[in-house]
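Reading through the structure tokens given below for one structure.
Labels run A, B, C and D following the written order; every chain starts at residue 1.
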Amino acid sequence: MSDPLLQLENATVQFGGLKAVADLSFQIDAGELVGLIGPNGAGKTTVFNLITGVYQTTSGQIFFDKKSVVGRRPYKITARGIARTFQNIRLFASLSVFDNVRCACNMHLAHGISHSLWRGAGFSKEEAQVEKDVMELLEIFGLDGERDMMCRSLPYGDQRRLEIVRALATRPKLLLLDEPAAGMNPTEKVELMKLIRFTQKKFKLAVLLVEHDMKVVMGICERIVVLDYGQKIAEGTPAQIRSDSKVIAAYLGKETVDA
Amino acid sequence: MDKWPKSILIAVLLGCLIGSPFVFQINPYYYDILLGIGISIILAASLNLVNGYTGQFSLGHAGFMGIGAYASSWVTLSYGYCLGANTTSTTTVFLLALLGGGLMAGIAGLMVGVPSLRLKGDYLAIVTLAFNEIIKGVIQNAEPLGAQRGLGGMVQHTNFFWTFGFAALTVYVVVHLVNSTYGRGFLAVRDDEIAAEAMGINTTKYKVLAFVLGAFFAGIAGGLYAHFKQFIHPEGFNFLRSVDIVVMVILGGMGNTAGVCFAAVLLTILPEFLRSVSHYTWLPLWLQQIAENRMILYSLLLIVLMLTRPQGLFGGLGMPRRRKDVEK
Amino acid sequence: MLPSTFLKTSIALLAAGTLALAQDEIPVGEFASLTGGSASFGQSSHKGTALAIDEINAGGGVLGKKLKLIFEDDQSLAGQPATIVRKLISQDKVVAVLGEVASSKSLEAAPICQQNKVPMISPASTNPKVTEVGDYIFRVCFIDPFQGTVMSKFALSKGWKKVAILTDVKQDYSVGLAEFFVKHFNANGGQVVKEQKYSTGDKDFKAQLTSIKVTKPDAIFIPGYYAEVSLIARQAKLLGIKVPLLGGDGWVGDSLLKVAGTALDGSFFSCHFSADDKSPSTQGFVDKYKAKYGAVPDDMAALGYDSAMILAAAIKTAGTTEGDKLRVAIGATKAHKGITGTITLDEKRNAQKPAVILGIGNGAFQFVETVAP
Amino acid sequence: MIEFLQQLIDGFSQGAIYALIALGYTMVFGVLRFINFAHGDVFMLGAFAGLYLGPRTLKLFGAGPSYIGAAAVMLLAMLVCAVIGIIIERLCYRPLRERPKLTVLITAIGVSLFLENFGQFIFGANPKSFPELINNRAFELPEWWGQFSALTITISQVLVVAVTLVLLIAMRHIVLHTRMGMAMRALSFNPVAASLMGINTDVVISFTFGLGSALAGAAGILISIQQPSIDPLMGVNAGLKAFVAAVLGGIGNLPGAALGGILIGLLEYIVVGYVSPTYRDAIVFGVLILILLVKPTGLLGSSEREKV
């Protein structure tokens, strides 16, 4: 077996007396599409925040590409190849669609401040390249027509897609999607499922998906990890998870599955 | 403004150079106001980089201005013997003094920028205000800098060319910096720091850079101010002066350089306009008195502006909308 | 970048603010803090100046022309005096500038007057540096070293050998007075038993006063401003300190006695003028001032008055308003009978004149003596 | 030694004033999460309310200074300040409640500048003499205290500390044991949930502003009894110091504000006594920066984190 792309080893985070994530271990291989599910408050988003460095682990390790990401600043982790979207869309509200994606190209620039001030030939070439890359991405996701719109005036579904485009512009190896289907109608959800699979194949990505909608999760994930109260209670294929008694207890014991 | 070539900057600089002999002819009072406008533009445009584009709220810009003013005056007063020699050495020493003032202010900007990494919004505003007061306090105690007396004896080197040359340079730097893929990072930091980090943007670097550059230009402005007024006093760089600059940025629209420059012009002329209004004896007495107390008008302007047009008179890219989740 | 039409319009608006001068008027500029932190000094000096100009004009003016006083408010803000003086000189074409009380404001205006060769007379800036700016800068008040020495002489003459000092370290004025007091006092057989500090804006002085109290001085020299001095006096009384307090002209302010009440009884301070002086010229000034403003004039008013009078006299002597000749004429002022004493300007353009020492009793000022330089 | 003790005593009573003002900052911050920059100027208005109402009120209780008269003046000043605070909130802050916090902060700076400059315009820039509300005098300390009998403690100092203590306990009672206090706490915890639970947020916020401003008014009277010279800019410095105190103690925390106030008062007097009066402000602001960098939640505050 080859080395996993992402590996969590006993990752734990504690806020005050509360263990939001406890001794969590799982791994994702390159190109894999993994689902992370669990009842409300199970700690799914916290896991995202741990992986991307927004929160720091209290104990345990997280490896990406064989190197630990614990204690790294989020932008450095992104530079290593992890990109994410947010549960509550966090686009750059005052920027255009184009600029939102352009910001994510920032870290791949060869030149910085002096370049933007002097504006020599190298600068124009680089800016042209960035524009080309961004427009290609926008085209793939059908947002090229909205290039100069303010992102906040986009319809909700488009905002979700724009967040994915923006994440892809960082050229990740692993994409973390936080409830991408939230607030979508069934037709949109089907579209989204196609989109995620397409993205995974096209960009040769591993994807970690947090989602409440079981249809989406069961429909596209190759493997699923289930959390409850910050602990992993099950892991397996969609078929295994569907019949797991602990999972059923966790969901039914508290509330019904989100439809 | 996205595609402004360097040639425009060069054209403006040449224009200043050619224009300065003619401008020298005008009434010294208007010349005084004109230089005041140039200095205000430098201050407002540089603060706009920090407050407008990067979304950090600095209430201490006058402190940096003060550092620049004192540092550059110290240089010209210490190397005064080079000044009279000939035009070349005078210009060199003066320019070095300005740059030295700018650098000192930039270093102070670094010291303020670092706390900005841990603090946001009103906390940051208070800390920058505190820095402003500390800078003032240190100058007040520095005997070689004249302490409470103030520092005088500088020769007037600041002229139309240098003032508007540096104003053009400041605007050029701010506009070009922001209008590039690299510079969009400033706006990303303003809109959403967490998302910006997640997109691989080093928010630390951008915030510190904004503070350092903003402070650098404020320092230059301070140097120009000192060699134009020829006397500086710690009270001239207090919190109220900072508020003056903040009002320019807010009136012009945070993150709108053209608007902010226009506001700088407007708010520099306004007090002089009010000065003449206060002499119009045909006006009712209370109106004359209100005109004399320009701070009352300023504060009312600030309140009304915030209530009705928080994006400033001339629009601007606007402040980020309130996000419910961030407020918790 | 800037719409030039806007600039032109604004400049036109500005220009409209200043009315054209008639040919038979001599424009005289004045700048003062009429609003802001030091407004109380500025308003007084402005009133005195305006009264003098009225009086000169009522007496037929000078050189057959009337004086026109053009005054501007610097709002107690740094940066304003330079702009204002440039306006006065270039736009209003004033022949001379009167102002300011605060030394820091005078120091800002002085280089500009000097460069434009327009004489400037400060009514009350006591910092030595002011007139050092150049040969166009004059003052009609005495300077800090003189005042410190005067109070030292006075204390010694009263037989007070042990004096404690409480200095406002935030004010150059206060530090200067204390320095020259100590120098003279120690050299002439006195002993400074304790030196304590406070700074402008302080409200509580009990700790400093306690440490002074234990040294049992004969008097306490407090060369500060009235706002703090009045509180110091009250707290000293509260602490049971009964020795006299001594001070300088910074004590003059209409709220000194209002705040201090009777706490300052038995204290003395040096100043420029006494409204109780029975000489006819002083009484004439006091009466006219009262008639015009409904209040008793203070030092700043008297100094403002004298600065305008000396200027008018110099214009008469010079026979012209041309800057260089006027400068010479002002510099030659000798034995000018002013409200604040007989004024002679020395070669450093500072006024040589006596100081007045006032005592405080029953919550009122009383004239004690005049100390010649 | 005597000097040091005297400085501690004076610093403590000055600190009690800061504590009272800091309580107002902290309460408003606790409920609304924003810094009411104009709070220090409400404190100034309290002092001026005392200046104008004092003599008339005293007359009602006999001719001279009296404690009951002073208490009445203080209550009146508190009432005036409460009304002013509520008006400021209603006119300037309420319309901005859904806007970014910076907008509100800038408005608050505007309100503060307006009160200061309009105050100078209306009251005049000169310091005014504050009427004597009580017969302030120093306690005679017994002889057998030896050198310590040289220490001075004035009635006003004891009064300031006592009133601050009483008001602090009253505040704690209101916040912990009344319906309004419960509503305030609910609001500070989660405004949306609070309004869903039937709490009228507008009323609670008005009440909070009124209460905080009343405390500033009380502080205004107390400081004027102690240092009877008041001016329209007296709130600038006191307000900033009290703010530092609130942050030091942990903004949003009532006992923290009191603790912070006392500590800042002591620090100021020690700096004045042993360093230099000119460094007083710089050192206090230095402490603010240090606190915010090392422990932004203050001495007694609890942490919060941004939700992602």
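The rule is short, and it goes like this: a residue touches a chain if its C-beta (ideal position, glycine included) is under 8 Å from a C-beta of that chain, and two chains touch if they have at least 3 such contacts.
As the structure is a computational prediction, the values presented were derived from the model and not from experiment.
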Argmin over chains of |mean CA - global mean CA| returns B
Per mean C-alpha coordinates, the chain lying farthest from chain D is A
When centres are defined as mean Cα positions, the distance from chain B to chain C in whole Å is 34
Here the gap between chain B and chain D, centre to centre from mean Cα coordinates and rounded to Å, is 33
Chain A to chain C, mean C-alpha position gap in Å, rounds to 72
Separation of the C-alpha centres, chain A versus chain D, in whole Å, is 48
For chain B, residue numbers touching 2 or more other chains are 140, 194, 293, 295, 319-321, 325
Flagged in chain D as touching 2+ other chains are 120, 276, 278, 308
So chain C residues touching two or more other chains come to 35, 170
Interface with chain A, chain B side, in the complex: residues 5-6, 172-173, 176-177, 179-185, 187-188, 190-192, 194-204, 209, 255, 317-321, 323, 325
Counting only contacts in the complex, chain B reaches chain D at residues 57, 59, 115, 118-119, 121-123, 125-127, 129-131, 133-134, 137-138, 140-141, 194, 243, 246, 250, 289-290, 293, 295-296, 298-303, 306-307, 310, 319-322, 324-328
Note: in the complex, chain C contacts chain D through residues 35-37, 39-40, 169-170, 197-199, 201-204, 206-207, 210-211, 213-214, 227, 230-231, 234, 238-240, 253-255, 258-259, 261
In the complex, the residues of chain A that touch chain B are 52-54, 73-75, 78-79, 83-84, 86, 88, 90-95, 99, 102-107, 109, 111-113, 115-119, 123, 126-127, 130, 152, 166-167, 169-170
Note: in the complex, chain B contacts chain C through residues 12, 27-33, 36-37, 140, 147-150, 152, 156, 168, 171, 225, 228-233, 235-236, 240, 258, 261-262, 265, 269, 272-273, 275-280, 292-295
